[in-house]
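To keep things simple, chains are lettered A, B, C, D, E, F, G and H as they appear, and every chain counts its residues starting from 1.
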Amino acid sequence: MPDLGFAKVDIGRFRRQGVPEVVYGEGKNAAQIGDILSVLRAEGQLPAIATRVDVAKARILKRRLGREFQYFADARLVRLGKARKPDGAGTVAVAAAGTSDIPVAEEAALVAETFGNSVERFYDVGVAGLDRLLSCVDALASASVVVAVAGMEGALASVIGGLVPCPVVAVPTSVGYGASLGGVSALLAMLNSCAAGVSVVNVDNGFGAGILAHKINHTGARQR
Amino acid sequence: MPDLGFAKVDIGRFRRQGVPEVVYGEGKNAAQIGDILSVLRAEGQLPAIATRVDVAKARILKRRLGREFQYFADARLVRLGKARKPDGAGTVAVAAAGTSDIPVAEEAALVAETFGNSVERFYDVGVAGLDRLLSCVDALASASVVVAVAGMEGALASVIGGLVPCPVVAVPTSVGYGASLGGVSALLAMLNSCAAGVSVVNVDNGFGAGILAHKINHTGARQR
Amino acid sequence: MPDLGFAKVDIGRFRRQGVPEVVYGEGKNAAQIGDILSVLRAEGQLPAIATRVDVAKARILKRRLGREFQYFADARLVRLGKARKPDGAGTVAVAAAGTSDIPVAEEAALVAETFGNSVERFYDVGVAGLDRLLSCVDALASASVVVAVAGMEGALASVIGGLVPCPVVAVPTSVGYGASLGGVSALLAMLNSCAAGVSVVNVDNGFGAGILAHKINHTGARQR
Amino acid sequence: MPDLGFAKVDIGRFRRQGVPEVVYGEGKNAAQIGDILSVLRAEGQLPAIATRVDVAKARILKRRLGREFQYFADARLVRLGKARKPDGAGTVAVAAAGTSDIPVAEEAALVAETFGNSVERFYDVGVAGLDRLLSCVDALASASVVVAVAGMEGALASVIGGLVPCPVVAVPTSVGYGASLGGVSALLAMLNSCAAGVSVVNVDNGFGAGILAHKINHTGARQR
Amino acid sequence: MPDLGFAKVDIGRFRRQGVPEVVYGEGKNAAQIGDILSVLRAEGQLPAIATRVDVAKARILKRRLGREFQYFADARLVRLGKARKPDGAGTVAVAAAGTSDIPVAEEAALVAETFGNSVERFYDVGVAGLDRLLSCVDALASASVVVAVAGMEGALASVIGGLVPCPVVAVPTSVGYGASLGGVSALLAMLNSCAAGVSVVNVDNGFGAGILAHKINHTGARQR
Amino acid sequence: MPDLGFAKVDIGRFRRQGVPEVVYGEGKNAAQIGDILSVLRAEGQLPAIATRVDVAKARILKRRLGREFQYFADARLVRLGKARKPDGAGTVAVAAAGTSDIPVAEEAALVAETFGNSVERFYDVGVAGLDRLLSCVDALASASVVVAVAGMEGALASVIGGLVPCPVVAVPTSVGYGASLGGVSALLAMLNSCAAGVSVVNVDNGFGAGILAHKINHTGARQR
Amino acid sequence: MPDLGFAKVDIGRFRRQGVPEVVYGEGKNAAQIGDILSVLRAEGQLPAIATRVDVAKARILKRRLGREFQYFADARLVRLGKARKPDGAGTVAVAAAGTSDIPVAEEAALVAETFGNSVERFYDVGVAGLDRLLSCVDALASASVVVAVAGMEGALASVIGGLVPCPVVAVPTSVGYGASLGGVSALLAMLNSCAAGVSVVNVDNGFGAGILAHKINHTGARQR
Amino acid sequence: MPDLGFAKVDIGRFRRQGVPEVVYGEGKNAAQIGDILSVLRAEGQLPAIATRVDVAKARILKRRLGREFQYFADARLVRLGKARKPDGAGTVAVAAAGTSDIPVAEEAALVAETFGNSVERFYDVGVAGLDRLLSCVDALASASVVVAVAGMEGALASVIGGLVPCPVVAVPTSVGYGASLGGVSALLAMLNSCAAGVSVVNVDNGFGAGILAHKINHTGARQR
């Protein structure tokens, strides 16, 4: 077998630079999450985040990690260390259709805030109550990027997409029942948005939307 | 085998009363369509309608059926005899998201008109251009029933559903590509509408929506 | 960023008028549901409804809300205040195929009753026992609107659609197993109904069907 | 490699006995179909059938195969040789919902007839016109087996299943559009039939239903 | 509203004759099941069956229903009264691919036995161990009807369908994981069987297969 | 019906500002496309684009529109007027997996170029030939945004997402067969990307990806 | 942007070694296919293969490429240059269920032969005619690897998987209709095979199966 | 009924030879698993394996089976007796994308080891961190066969398939959420791999992949 001669370049080091560490908490116990966060702190890599952490695990982690620990129950998210100072081009707007969509929206918002973005929240602005949505359209339209979070028919992404000049990151949620197919109906609707400038992430993927919003809001910063 | 003793009641006669005859033209040739329409005329059952009739068949039918014949190319619909006089409770509003949705919308509108309904059309009011939709919301809100026709993400039905007090009949269309899955994505979205008062018919089923709108607009008439 | 100049019209106020408030109880605890209902009572907005409330929550709510509180266990529905007096054009008929479909049917029936409709129930009239269905066809055919509730193959909607002149609101239920796909098979069947005048709401959406039936039965009233 | 020692029994000979040869014509040209039918005639294996043969191929075959050749255009079926004399337990009833379902129904009927069954046809008995179906329920109920052919929502199988004591072979057809999903919706509905005694074959598989009906109608004959 | 004039014929009485009563136990508690069975006994309608009854409910029912009560744990089936004497044309063969398919197979077998059929069982004859299947092919081939029960890829139905002259009732089961899609993969495979004479019932529907096998085995009896 | 009092704000004017006009050519004939482009030229709204225009229509359009007309056969795209000068934050990189993906990639590239972006193309860099992809990773990593175009398994988006710090807009294509399900498999894979910072547009939606890339690359410009 | 420092290793050169070049002919015209094959010949890289080439293109190619050109019409495959001498561990067996599956089977067989494998073909051995399959089980069982090609229910893979000790490469084909879902049903069945040692490639992917069979048959050769 | 005359050959004995016995533990209790393993030990058929055994059952089994018992918690796998000495052509490489994929990967690795293969593990080499994967490409490329285990978008299989000359057995896992559809998205992606030489087993089927890898690695041994 010939030596393929791959240089052992540290792509990983490159890949990680610029974004804080994020621990996906689903399927990990409190000890495992705590271990990773402790290492990151020891290495000076704060702020660090753990997502999908329930209240029970959060209590254990709080006792172990102490002063720098913060738990955001709505978003089921743990943060160790302070959020970075906002240094993006503008604001990240996070819009959510219904109250049941807020956990996903909060995950996106907190991830973006932690990474150094000024975040504005617009909750309960689903299209069935168009007046609430229209009352905040000026604010949405002046953001760098809008994260649009909705379950059921997911129409929020299309309506916002038609109203704002910036990119819209659409996050379908699993909110709904029956023909919502666990969020797949909202996902399909968002992919078929008649408004240009809308792209989509996985169902309930608030974390991914937060990262992406951060990256878009820092487009200029990366180029300088 | 015992005699089941079913009385030979003419449910069929009952079923047909009140609504004009409609011929589903798909898969029938001009001769077949012409035969049925001729019989209906002979029986005094005008106006009668044939749906999904292309231009070539329409030309043949015109020559055969003469003066009372009308062809609506957009809707691919043939009507023999005049539309009934409008005698419903109010107006049937037909809204369509994009120009590609117009054939389905016209089918619904013409069916409703033929059956005796005053119809108002609101085309090119897709949610990506919310201003056009909002400019006709007063008119929509005062209708007896709104038929909302849209492909792609089908958000029009939810947005209208949140703005009007009357029933909304949502018609998904096969307009779109890729993840639109031939109209199934719009269909799913409409079924998950966050607005109450929205119900859905099959993809591209303008005819069914027109009948249903007629029936809703004549609710009071049936009860008197 | 230019001012978009949206007038801050209260679409919301409009949207809500005419229909009582409904609280979607799924995923809310008794305290949350109680809070909303208490506010509505304080604002004089009774009758109000909460759907998908289990027995345990209902007990807590009963203690808190007192005399005006009613719980309908079959429908898992809470009502605060008395139903409005029936003032629609005619009767809302609610038909259910099997005993397992009754919870969804009852949700539709109670919502319609609360909103001011005279409701007639026809349960256990699935098409496998056609005699029971035929024995009530006169009553069904004289209703303003029929709500047809069925799981499994959902044939009830088509059969009723062929027998009555009024609109049929079809509600697929998740009753079934295997190839019923959680109600999607019944949903698809109903969307493909060979009878005109049938439209469909989401799986198990008794609430939506009840609202829609109410709106159809009040078509004339809105126009006056 | 050890010798597995399979006895070379002629399962094939066994398998074929009792049922005439059937050539699946789809994707075969006239020459290929003609060759097979000629061989079967030479071997004395008539009657033989070829299914899914269009008119053009049928013309060529007619010229080649001569007197014993018969073409059934509705069913797109070729038969060489006369049908066997009916010798089953009773009648095979073939019911079809709409005119578009007749080709599949005829394929089933002709296959059963050729194999030696007395066949009774009941066409245009879809559930939207329940009176026509009810007018022939006595005849259906006294058959040995009913083949129920329907597209769209496929409700015919369930309704017949509730009315007759014999097995019902349900054949979904690809008749429909949009959410009919090429016959899959009818297929799913039939699999979920609330009536016991219904089983299902593939979409448009009239041939398979005809064979199965033949086998059921000859249950006693096989046992003697 | 005109009187539709339906004769109130007792289709129901007809429908039920010839087959014992069956109670679908899923979602019913022991008290409900016991009530129905008690009524049936009082009316002299034994044997009666309840399907999908777990051990806990069975214990309660046993205490209440006494001597005539039988519980078949494998099939989760309760029978009140003795099975009828076999009076069909021949034998009902029930074949199951793996041990996990036995509960569904037993449900089919016990239903058929109770209704008056001689049943032969062939378990653990999946196609991966073809020798076991081949060793019982003579017995299968001489049955009146074969019920073929299999999960995973469901190949058993096709292989048996190629070996026997009688009808094959294929029952897909939910045995499997991942791409088995809860039994839908086996269902699809069985619907596409390359062997003629195979029809399919819903996933895990042993009860339906048992009834159908009974009806096929009594084809001659119904005609006399 | 009360006046809802919507201010007639010109949301549309706002919505369109900043992005050139784009005509979706699918389903429009040359005359229709030519009319729209002519109006846009008359209104001074160049450059303007028409997508999904085949060669035949392009020839007709060229004759009519003259000097400013350009046709890009690979992308099936017409442009009237010159591309704007690049004024974004950096480069838009467009990567395509195989040669069959180039039409979609070119649509994205040309749309972005026309809107005023410097575009770099990286074609034939599918993951099965990782060396080609790795040889251009420096260039990809220094872009403002990467558009990743791939059919079949769509792995390109994930691999690039792991290598670059900027947002990745993933475009699944309908390239493939069988289990590619018309591009849906690639779409699903991209939505499940294990790399953060990846979002997805509809199958074959090069146009949408081009617009989105433009918006991301102009994030800073909008905020100034 | 830091230099990522990837060594520019020629992974591609490595990747290609050992297997002849294969041109995927779908969507390429005769000129394009001819160009690639000519270059390969000039580089001394024969034998080379082009798949999915129809007769018309093959004729053009034959004229251009001359003596070394071979066209296999069944497999729609072009080969330039002679097949390598068989040098694998043993035989590659290719089994196909029906005559309609032969094109895919031949593609697999010819690819394997060209790459230097002794191939044995077993066609028309579908499970509905088990005798034919059993008559060749000794030969199948002594192969190095079996390629099992089948459409419809795809049971062939499971049955062979239970009979042979070597790996089975299952190739579902798009042969079938209705619920075969274009080959997806066979694909799902094969993935759920109850026999260990079966793996699956994409629908109609004879080429991929041929390559894989070659690689398995040369396992030992690679290690020496 | 004629005697079909099947020789009662012991295909089963043949089928089992060469591979140790494997007990599928899902749905069996500790007693049942223990009984089978005890019999196998008594018959001298060690090593034997039981898969999908949780910790609780493992504890009971350990007490019963004693010294030869081994439990591998990660893989949820029990082994009785020592692994065979490696005697294959080369190494079986098992690569896993993320930590959540390790249980499935370990099942594959342990099955292969037990059957007499030298196994090398490469874990946490998902494509989002391409450097880790590239650092082990030499080792992967010199294996006899690679088992590639990945959930989410399953890109690992394609990337490895493009880098190694040997067969790749792709195992999709159910790791993921939302649009991962329980592993079906990864499955579809792997089936559409643009790299030749990749075949796929069912979701989470580590066992099947281990067997297949064993068979490929022993290709030469079977032929000698």
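Rule of thumb we're sticking to: a residue touches a chain if its C-beta (ideal position, glycine included) is under 8 Å from a C-beta of that chain, and two chains touch if they have at least 3 such contacts.
Note that this is a predicted model, so its numbers are computed, not measured.
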Pair with more cross-chain C-beta pairs in contact, given C-E and A-B: A-B
Message: Going by more than half of the contact pairs matching by residue number, which of F-H, C-E or B-C reproduces the interface of D-G?
response: C-E
- request: Could you grab the centroid distance between chain E and chain G? Build each centroid from C-alpha atoms only and quote it in angstrom.
  value: 43
Statement: The distance between the C-alpha centres of chain G and chain H, rounded to whole Å, is 25
Message: Rounded to a whole Å, what is the gap between the Cα centroids of chain E and chain H?
response: 36
Task: Two or more other chains in contact with one residue: find those residues in chain E.
output: 4, 6, 9, 11, 14-15, 128-130, 141, 162-163, 178-180, 184, 187, 191-192, 202
Field: chain G partner contacts - residues on chain F that touch it in the complex
entry: 100, 128-132, 134-135, 137-138, 141-142, 177-180
Statement: Residue set of chain B touching chain C in the complex reads 11, 14-15, 17-19, 22, 89-90, 141, 144-145, 162-163, 165-167, 169, 187, 191-192, 196-202, 207-209, 211-212, 215-217, 219-220, 222-223
- line: Interface with chain F, chain G side, in the complex: residues 1, 3-4, 6, 8-12, 15, 26-27, 172, 174, 182-184, 187, 202-205
- prompt: Can you name the residues of chain G that touch chain E in the complex?
  reply: 97-98, 126-130, 152-155, 158-159, 161-163, 176, 178-181, 184-186, 188-195
